[in-house]
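Presented below are the structures under discussion, each in the form of structure tokens.
Consider the two complexes below, in which chain A is the common component and chain B and chain C are the respective partners.
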Partner chain A sequence: MRAVIPPKPGPAGLQVQDLGVSFGRGRKAFDVIDSLSFQVGAGETLGLVGESGSGKSMTAAALMGLLPWGGRISAGSVRLDGTELTQLSAPALRAVRGREIGMIFQNPLSSLNPSLTIAQQIAEPYRLYGGADAQAARTHALDLLREVGVPDAARRLDDYPHQFSGGMRQRVMIAMALVCHPRLLIADEPTTALDVITQAQILRLIRRLQKALGMAVIFITHDLSLVAEHADSVMVLYAGRAVEQGPAEAFFRAPRHPYSQALLHAIPRLAKPEERLSDIDGLPPRPQEFSKGCRFAPRCPAVTPECLNAYPQRQGGAHHFYCMHPVGGSA
Partner chain B sequence: MSSHPTGMAVNTRLVARPVPGLFTRLWTGSLSHWVGQYSHPMTWTGLTIFVLLLLFSWGGPWVYPADPLAIHANHILLAPSWRFPLGTDNLGRNMLARMMAGGRVTLEVGLLGSFIALFMGVLYGMSAALSPRWLDKVLMRLLDALLALPGLVLMIFFAALVPLNALSLVLVLGFLSWPGLARIVRNEALAYKERDYVLAARQFGAGTFYIARTHLMRSMLPILIVNATFMVADLILALSGLSFLGLGIQPPHPSWGGLLNDGLQLVIIGPWWLIVFPGLAIFLAIVAMNVLGQGLLARLEGR
Partner chain C sequence: MKRMILNRLGTSALSLFLLVTIVFFMIHATPGGPAYSILGLHATPQAVAALDRQMGLDHPVWQQYGIWWEHLLEGNLGYSFTQHAPVASLMGAYLKNSILLYALATAIAIVFSVIIGMWQGYWAERTPGLVIGGLQMIVYSLPVFFIGTLLILFFAIDLNWFPPGGIGGDEHWQSGGAHIGSYIQHMILPGVTLALPLTAGLSRYFGHQARDEYRLDYVRTARARGVPPFRIAVNHVLRNAIRPLVTVIGMMIPAIFVGGVLTESVFNYPGLGWLLWRSALEQDYPTLTAIVLLIGILTILGNLGADLLNSILDVRVRYE
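Let's turn to the complex of A and B:
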């Protein structure tokens, strides 16, 4: 299959520089994502962590050029294997979506059309861009269904989504995302709707396919324990900005931002069952209420007056964070 | 074992399964699913009556070939008999033959007219649902204006402008009946276009037209079928109304509405067969389509 993006010199994978997304116009305009920079190399996994409304899914939508009505990319660049995606025309971007970027969704129950058979749905992206005839698409769908581990795939091709369990449906979604062998896979909370055992199976499957295809993976979740297990690097989002990011190992060894610290403390541990789980008081600000200072300040245990005046400077190298009073002292 | 593009082994033993033939695939795949989806006693009742009417109108002339326009001056206003099973009219024309010919025209206009209305309604409604918000608003206000016009008056107006034959009546009735459908289509499309699977399709690179064709149309097909059914009944009634007013199919060509009108002119001298049979036919056609529609609707609403 012809690649949409010709390979260009430079680092493979996804590079995002200073990405900003805003909604509205003129004086009513507000940013939902601000100065986001990160990269995911081919074969690597980035864990994108944050609570609801922190901009995780909005980031994914911006990467795919599918922002909701009224939203636009206001700043920055998104490069996939050296090609600038923000400059592409609508049809070119659509082709990129079909072939170069695959996506898996949070809710496999509603992401499949109830009135189409599994074979028809898996073949959908393939027929949109592979230009294949029905029989070839069907054969391909069968291969993929086997690959993602659906038992008795040949018999299940003509089944409808309601005849599949949640985990099996997510496998079908993964098969759909992989039809055109994308370079980037965005997994938006792929296991939120699934039970723990299925969750482990699905994540293992994604990992195996990632290795086989050499895909860059962005793994969006609010579950830090999954990130610890599956991601090479971590980016913690809070209210539309990255508060801390870096290699997973360094991050989990010593999280520096008070917010990351608080998130880690909120993970239950089997070793200390008697310990009361900590939580964070208050709610994150809404995009219209973002202040010029640190956005976590109102809920931060280490807050000082200077936190409210200006957004903190970046500190650190590969593992860096934006905080004036980092956990464990200033760098 | 063979290799797949991803480099993983594929078990070829499982691949060797006979590929079912086209009919088997159609039947096991979607057709049986379809029939099961719509099957309901009312559906079958309505469908049976309607098919019988179709058989009467189109198949009848093979069993009983008679000229609907031939005048038998010696057999005026005869009650039903062996020679004229439904009697004759005031010009001695064979009522059974006229009922068959009238049925062909009436059902034709009903079916083709609703096909046009369906096509226009889907086109307009889909366009509105998939266009930018401001354009959607403009199109919907325009639709409100169209819906506010009284249908029968418009039909009379247009019927006065065009030569009255089956084709022109199909066009007039079809093109005047779509606004209601357009609104239904637009509302359905709006409801379905935010579904997760439609968003998913967009994320897999599907364009607007593809989504409209594949996902939206398929989702609203049941409700379209139901509405098309009712539309056929409405158009049969509308044509009969126009014919009754003398603005339908023009004499000497028969239509059920026209036959009823002719019969009523003579009601004082008492040929009941000139009123009962066309009336019964119109009644049956409309009841059939409504019962059919109700049956489909019942399944649609999960009863």
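Let's turn to the complex of A and C:
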């Protein structure tokens, strides 16, 4: 593949340390994300896993500085290639979003502006932050469309989003995310709305582009089987906290947290068709209801009274977890 | 799309036909008949019969209906007995004054509605959005004659910035003549008066439209790509939010005329609304009828134009 923009030099990757996100002020304030630490090196993929409402998308929003109204980063640091993002002014952060971070969303049709052509949408940040004129931006958009595998790209530049199929729209979204050659790509459930074949094509495409451009990728999903296939490391979120994280290989060989275990048991496997799929009873707590103890305790099969008193200590090294009664015994 | 246009043309033609027919029968429903309304209730039966014959009212109704259509298509709107002139030539100057005033008011309303609405959409459900919403309700419920009188008090009498009414120094203002400079000066206060309630309604509608657009995923995409807020507003949100506005402006035409009648009577502005008011007071039925017809026709054509324009603007309709 021909690289559209030459790779940027310098130390690479994303480092997040003790990230906390809060909503509200004073006595009404509550945390939705708490003590999150992780890193993704250039060319690496982190799988961010959790149920709806676990804080996956909120984490992505915090990284980009796009928290909903009333939300703020209350603690911690986010460094992208050494630059501290939490300290940046709004215009500087916009430039980071335009140039350094690309994002792909779940529903490609609604994520595209129905009244702008594909060429206009792809090129927008390139013109804003790449300093390109209209002609250069258009040529660049065409190169990108070819790169993400849109057939007959030259003829489709002036088409509108509704004229594309679901898979092609997601390719367009990927082209949009890559327009300024970002160092970090956040893919928020990029294949949920697609059929299985298209899903595989899109994931292969993301992987190919990641290799070629040396991007760090955060892959947000509730589907552990996709993480097993595509991620180098895993972080499992529950109720705004990481319950278990580590290299993918170690995690899938021996998941330690009862919640990770339960998630893995909820994946259908072709190899063992006779096995009953298990689900997890109950619902995750809402942020206003977070207790000081382990947040999974009310739904946990291994719960004991001490689980409710204090948040469990970190256990383990590269592969670590927060549980007093881990699967397979204490470390 | 072709089917849609034919459909709309058909509906508009039907509406026009019904309008002309209903207005015809309304005239015939006036107590005592048209002759009595012209000659007064104390007219002698002989005079009534003579006038009936002169105006063709002794023919059967269906024949009169045919003649009515024939005259309309020839542009013959009847003769005003109080102003002693053919209605068609009488209306010209008033129509021109009104079109200028209404166009000014509509332009003011559109410009301010888009600006206010975008703010309201951006700040939806937060303090600034709620304040704008409250102001809209207050202004919307203020009667035109109240706003007009207030503006006259402040800007005409206290500050003496604008004339309190009329259309210029020309003593023949009733025939609609005036000089350009004073013409414009005389249009500002009535224009603002008419525009205020229109702006309140239109900006509220547009504010909701913008708010709904701001909630859509493509706005999140634009933010995630570092597009600055003003550019998101203009290049992304406005583009999508403004389309339904065309239809709404088409539907506003009757409200513009209603407000126009009140505004023109408050400011003694010689437009169609003023003429309507005067002819209603003087029981000048031919003029009244002609204005009602004209307003109806303009409303139907305005709606048709708005719908057609909207279908051209909507890329999704255009390409399917």
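The criterion applied here is as follows: the second predicted complex is superposed on the first by the 320 of 331 C-alpha atoms of A that agree within 3 Å, B and C clash if a C-alpha of one lies under 4 Å from a C-alpha of the other, contacts with A are read in each partner's own complex, and residues count from 1 in each chain.
Here is the rule we use: a residue touches a chain if its C-beta (ideal position, glycine included) is under 8 Å from a C-beta of that chain, and two chains touch if they have at least 3 such contacts.
Here the structure is a predicted model, which means the values were calculated and not measured.
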item: Fit or clash - chain C, chain B, common chain A; value: clash
item: Touching partner for A:111 - first (chain B), second (chain C), both, neither; value: both
item: Partner chain(s) touched by A:162 [first = chain B, second = chain C, both, neither]; value: second
item: Which of chain B and chain C A:219 touches, first, second, both or neither; value: neither
item: Of chain C and chain B, partner touching more chain A residues; value: B
item: Touching partner for A:296 - first (chain B), second (chain C), both, neither; value: neither
item: Partner chain(s) touched by A:181 [first = chain B, second = chain C, both, neither]; value: first
item: Contacts of A:209 with chain B and chain C, given as first, second, both or neither; value: first
item: Which superposed partner A:147 touches (first chain B, second chain C, both, neither); value: first
item: Chain B and chain C footprints on chain A, overlapping residues; value: 64, 66, 69, 91, 94-99, 103, 105, 107, 110-116, 124-125, 128-129, 160, 173, 176, 179
item: Residue numbers on chain C that touch chain A, as the complex places them; value: 126, 216-218, 220-228, 231, 235-236, 239-240, 315-316, 319
item: Contact set on chain B toward chain A in their complex; value: 4-8, 10-11, 14-15, 17, 25, 28-30, 33, 133, 195-207, 210, 214-215, 218-219
item: Chain C-facing residues of chain A, complex; value: 64, 66, 69, 91, 94-99, 101, 103, 105, 107, 110-116, 124-125, 128-129, 160, 162-163, 173, 176, 179
item: List of chain A residues in touch with chain B within their complex; value: 64, 66, 69, 91, 94-99, 102-103, 105, 107, 110-117, 124-125, 128-129, 142-143, 146-147, 153-154, 158, 160, 173, 176-179, 181, 209, 212-213
